[in-house]
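Consider the two complexes below, in which subunit A is the common component and subunit B and subunit C are the respective partners.
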Partner chain A sequence: MSLVRPISQTILAIAFAFFVASIFILLHHSSPLEVYGALYQYGLGSWFSFSNTLNAAFPLILTGLSASIAFMSGVVNLGQHGQFLWGALVCAVLGVYLKLPSWLGIPALAVLGGLSGAAWAGLAAFFKRKYKMDEFISTLMLNFLAEYMTLYLATYPFLDPKAYVPSTRLIRREYFMTNIFDVNVAFFVALFMVFLCWWFVWRTWRGYEARMMGYNKLFATVGGCDVETDTTLVLLLTGFLSGLAGALLILNGTQHRFTKGIGANFGWDGVMIAIMANNGLFQTLFYALFIGFLKNGAVGMEFETSVPSEFVLFLQSIIVLTLVGTRSGLVSLTDWLRAKRELGKLVK
Partner chain B sequence: MLVEMIDICKVYPPNVVALKHVDFSLERGEIHALVGENGAGKSTLMKILSGVVKPSFGEIRVNGQRVQINSPVVAARLGIGMVHQELALVGSLRAYENVVLGSEPSRFGLFQPQKSSQMVKELADKFGLKIDVNAITQELSIAGRQKIEILKQLYRNVDILILDEPTAALTPQESEELFDEMFKLRDRGKTIVFVSHKLDEVLRVSDRITVLRRGEKIATVKNDGNIDAVRLAEMMVGKTIRTTSVKKRRPVGHPVLVVKDLTLISKTSGKKLLDGVNLTVHAGEVVGIAGVEGNGQKELIEVLIGLRKPTSGRIEISGEDVTSFGPRQRRPLMAYVPQDRKNVGLALKATIMENLIMTHHMNPPLKKKWLLDRNVAKSFATQLIRDFEIVCRGPFERVQNLSGGNQQKVVVAREVSLNRRLIVLDQPTRGLDVASTQYLRDQMIALRDSDKAVLLVSADLDELMDLSDRIYVMRSGHIVAELDPQVVDKTVVGYHMLGVSA
Partner chain C sequence: MGAIVAQLLHAALSSATPIALAAFGGMFSYHANVFNIAMEGMMLMGAYYAVYGAYRFGHWLYGMLFALLSGLILAGIFSLFAIVLKVDEFITGIGINMLALGWTTYSLRATFQVKGAFISQSIPAIPKIRFPAIEKVPFLGEVLSSHPFLVFVAIAFAFVCHVVLYRTKFGLRLRATGEEPTAVASVGLSIGRLKLWSAVLCGIFSALAGVYLSLGYVTLFSENMSNGRGWISLAIIILVRGRPMSIMLMSLVFGLLENLGMLLQRYAVPPQFTAMLPYAATLFVLYSYARRLKSA
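Up next, the complex of A and B:
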């Protein structure tokens, strides 16, 4: 199967990344073994750590999925952060005021959160269609706007006066999502979305058009693909995924309210995961779990060793860089070898 | 010899052979034209000389000394500078600022606008380049921006100036001005490489001409009156194989494609790219479009497929007015084999199957409501691979792994199997080996015999003469002649292409 190569490449790249990182750990006068031991213990070692890793990963899966689907379609949606914030805020506010039984309320809030993200991304789609504005710029700008607007809404109209930092009130208790064996239900929702998106991308004709558009937009256009609608659809879908991540974090996270700085990095982590995953959907799942593992393990690393948990951010960057570097390195190596062979034929 | 390039080979990774054992030389004070079809390797050869691209093999000598030109900086030091096909200037800067950018005259680290402007003005006057050096770059025409690029090289004191297709985007008047400037530069001792595929221009301005074809050097000739455009064109395109398909005259059917007064005016330059084009293609005939490249054929095709909206005029396919339609709406009515298969005809990184089902995916049996039927797609692709003898490992192989000929077969298989009444083919045999070319020509005849309307654009006159039932000749966006290849001779077509009377 063609799976062997990417998997061995990934393992190679991750191993190499950990190797590079150990050099820095040594420079920090710590033992890599100890550090990685702690990382493992707290990230994977027990059911408790493992379930925590899964719980840390679900927003990453969704924002990663959002970025992957956008990028594979050639749609540069970089607005995961803003779409996430709107999903979270709308869910948090409605969760306070909307009175529904939990079996209906929870899915309704999740979907409404997703739709808010979709609507926010829809603005970028609108600008693109109407004013030919690049979604790359508009989604980025909309991130800033979302940040200020949601913060304003949480600080003034919907402020919980009893809170220490600007935040909305606690959502109604019946909307708290439960866990199954310590694993957030939200994680399973995220898994389900991976399969749903896989189905969309690989089984529907719209998904086919989106992928072809990502490979070569002119080819798709000349071939008769409905590129305008496809682009809009991809923006809406990926906006929905990010918004859903925000909503689920409110429903199934630890705070159950929108606070200043919530989900600080999920948007950008999603973009990074998509890059690591080369826009593959199952790869996205894998790398989201991997980053979740690192984040979760980082806590343990700080407990057990003298390495600060910020180091994990550094480790994460090293891994992304070596991973992407190793991968493109391997590709250009094979290209270079083929070119050599071709030249050999030519000059003998 | 000022410059000698010896036995140059270039392979772009992973496997594009752009140059094969090319020799090229420059003498001091000459205008040396480099001609060849698109993709012949002209730009690559010149990029190697100017240090932008590294050769895979071969050596370069400047003034008899063997040199390694590893970067444009090294090239500039050797006195070699290139004005690229794509101009790279900062639009918001003034003309003179772009000229000095990167090597500004400065005093105590301060930029001196007054002095720079003055220096550039003197330089322009010295070489007779008419330009307002204080103009904002983006407000200048393409011709003006080109002068900035030329000045930029002169400012760096180059002796050898390479101009890569400088006239491609110029109006005839602007081209004239450029030629005058080239002569002045030559008179002041500069050596100029003029890259072009417009043969009449080449014959007018150059001292020597080198012809490239498919990465190989065909010849270097003195432009001393013993060479003419027809002969050059032959060298450029090559002797072609005769098609074995028996050509029988058949009664033609209804008009399928009708184009009336089609005009296209460039929004950026205001140039008339298409000027009142009228043509008709009937069912059961092959209609050829002849013309020297760059005379509106590309634009005509773009308007026909719906990528560009004509400024005025009307297009009908099978009786339906499609003028306002985009490609999606036109596709049910026409098949299209684009000239640029890598950038338009295929998604190289996608699989053969994904490439084969494009356009077909809009209809059943592939499209089932929301879904695309994978099983149908697979058997459809397998069938086409067999029918069209595409050499590959299977429908899931990536198209980029295929040879050029087989890539083209993927495009042709897809379009022919659409079974539309109209098929437009733009340079379908360019860059293909003999066998694939033969195969494609047979396909076109077969299409005609199954009563399709076939429109064939080709730069290869022999091909057009062999295949077409009628030939339209295009020049400067006009249809200048409608000829019957059974009656007229190839040279007559050539005369119409070049605009010289027979």
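Up next, the complex of A and C:
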């Protein structure tokens, strides 16, 4: 019973979102059926498409996890973008200069990338702890700083002179991560992180404190939680997850180097995934796969129909809004109906 | 030296305008205790439709009309979700920002068949105002002359908003909605309707900021061209606790910093570093605000 309602809500909301989107597709003089057909064909239709969807999803799973855990704990970390970029840049630069055997180098680079993301989030944690600066705005501003700083580093000190756009040199070939049946190993790392995070949130006392902090900060404080340390810890952990996403994209993506615009929209996608998932960890996994499917299918959609791939960004935001709208609207509606029924009883 | 300072102030006034306009919009929501963070998206949408209307119909007034309509539509969506459906305001705001980013990026591609930016000679810009009387005054003339008229509108709005907020019935009710909604409801006023008005005002002002961005500051539309200005305006509102005069002043400080960067570029400071200045400044202002709170 407890599962039926959220699942039916989700299906209803996604169906409604696709319905709204088809109006816009019709306005674009295309057939919604053809567009969705292409989306399915290239997103899920064959093993090739499906594995590509999984490969498109791994950064989203990690940034989504990052946002989910942060929001669940009442820590508004919106800095996934900046943390992601630092993870990617540090990994890309060390991947050029560090000489290690691949069995040691790949995990080391991934962890170092994650740590640089954590360090960037740690800056926000420091501001919060030392100066009581709201992490909501400071992480946002740190995004812009990270964007320009990494771009500077890729444009001047670590520039590959042979590249057309500002980018670093290709990382050493030993550090290219392999695929298992066309699926990136990075995807399995992301899956593992979902379980690890689940364990942290639901099976450790720090995770418990973080959740209590999200329910009610005052209650957590009165109950004896060290709220300041918990906040710092959550920021570091979520920064690590975003940084790891960036590092894995360098190690297991297609480019194996840091280029301008590599961060794309991964940070905000993560925030949207967390919102759709209502901060649940396994729901985050589901919605990350869903968004990965849309992104991967979008390439095929542009190829097959006249609808440009940018449409998916719009579709994504409609889905987010209808999902939260349906969820919240249904709750208000049931509350209203219940109130009316109670009132009816009283009047009688 | 005087010429450089005059240039700097001229440019500062120019880049302060969109931030100030968006902040005035957000200010109404702030006073109604609506956590509206959709200024970024509303600004972006306004900027896109300003270019669309102006280019399509050949006059900047059409651009403004379209932009204001887009602002109203986004305000309507915000109200539908945040006020009627009672979705979390923060989540609604993020959703609207994403919606604006997605829609403008898609429309740019679908309507103008370009990726990245739409630049054309035939986009009519907002006319620039010249004051023959002031232009003769050496320093002041250089600072104030030949701005798009929205710059002066923004300055005037600082006073108008002050009067509206603190000297009219509407302003009083709006602030009461923020501070004690039950008191407002008890005299028979609709809280939802007042919040709706604050959202509509936010849409209108943010759209105006967008118009200024794409038809005044520059004459083009590029993907995600608001580039965090909405967030900076939000930071300003929170810092000055929504006081219109202080908003204008703080916006000017940010405009000054943004252009100080341009000046530094002449001395071979890489552009990536100078571009960081407004964001670093926001962090710094946040820091000094926190210090002030501590000592108080």
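Following the convention adopted for this analysis, the second predicted complex is superposed on the first by the 342 of 348 C-alpha atoms of A that agree within 3 Å, B and C clash if a C-alpha of one lies under 4 Å from a C-alpha of the other, contacts with A are read in each partner's own complex, and residues count from 1 in each chain.
The working rule: contacts are C-beta pairs under 8 Å (C-beta built on N, C-alpha and C of every residue); 3 or more make two chains touch, one makes a residue touch a chain.
Keep in mind the model is a prediction, meaning the values are calculated, not measured.
In the model built by aligning both structures on subunit A, subunit B clashes with subunit C.
Applying the stated contact rule after C-alpha superposition, one finds that A:Val189 touches neither subunit B nor subunit C.
Shared-chain residue A:Leu285: touches no atom of subunit B or subunit C. Between subunit B and subunit C, C contacts the larger number of subunit A residues. By the document's definition of touching, both partners, subunit B and subunit C, reach A:Ser332. Of the two partner chains placed around the shared chain by superposition, subunit B is the only one that A:Tyr208 touches, whereas subunit C remains out of contact. Once the two complexes are overlaid on the shared chain, A:Leu151 sits against subunit C while remaining clear of subunit B.
Within the superposed three-chain model, A:Leu321 lies in touch with subunit C and out of touch with subunit B [touch as defined at top]. Of the two partner chains placed by superposition, A:Ala245 touches none, neither subunit B nor subunit C. In the superposed model, A:Phe219 makes contact with subunit B only, not with subunit C. Of the two partner chains, subunit C is the only one touched by A:Trp268; subunit B is not. With the shared chain A as the reference for superposition, subunit C clashes with subunit B in the stretch 44-52, and the other listed options (8-16, 44-52 or 368-376) are free of clashes. Overlaid on A, the two complexes show subunit B and subunit C touching the same residues of subunit A, namely 332. Residues of subunit C that touch subunit A in their complex: 77, 80-81, 85-88, 90-92, 94-96, 98-99, 101-103, 105-106, 108-110, 228, 231, 234-235, 238, 270, 272-273, 275-276, 279-280, 282-283, 286-287, 290-291, 293-294.
Subunit B makes touch with subunit A in their complex at residues 9, 11-15, 17, 20-21, 56-57, 305, 307, 327-328, 330-331, 336, 338, 343-350, 354, 357-359, 361-362, 366-367, 370-372, 374. Listing the residues of subunit A that touch subunit B in their complex gives 203-209, 211-212, 215-216, 218-226, 332, 334-336, 338-339, 342-343, 346-347. Within the complex, the subunit A residues that touch subunit C are 28, 76, 127, 131-134, 137-138, 140-142, 144-145, 148-149, 151-152, 155-156, 268, 271-272, 275, 307-308, 310-311, 313-318, 320-321, 324-325, 327-329, 331-332.
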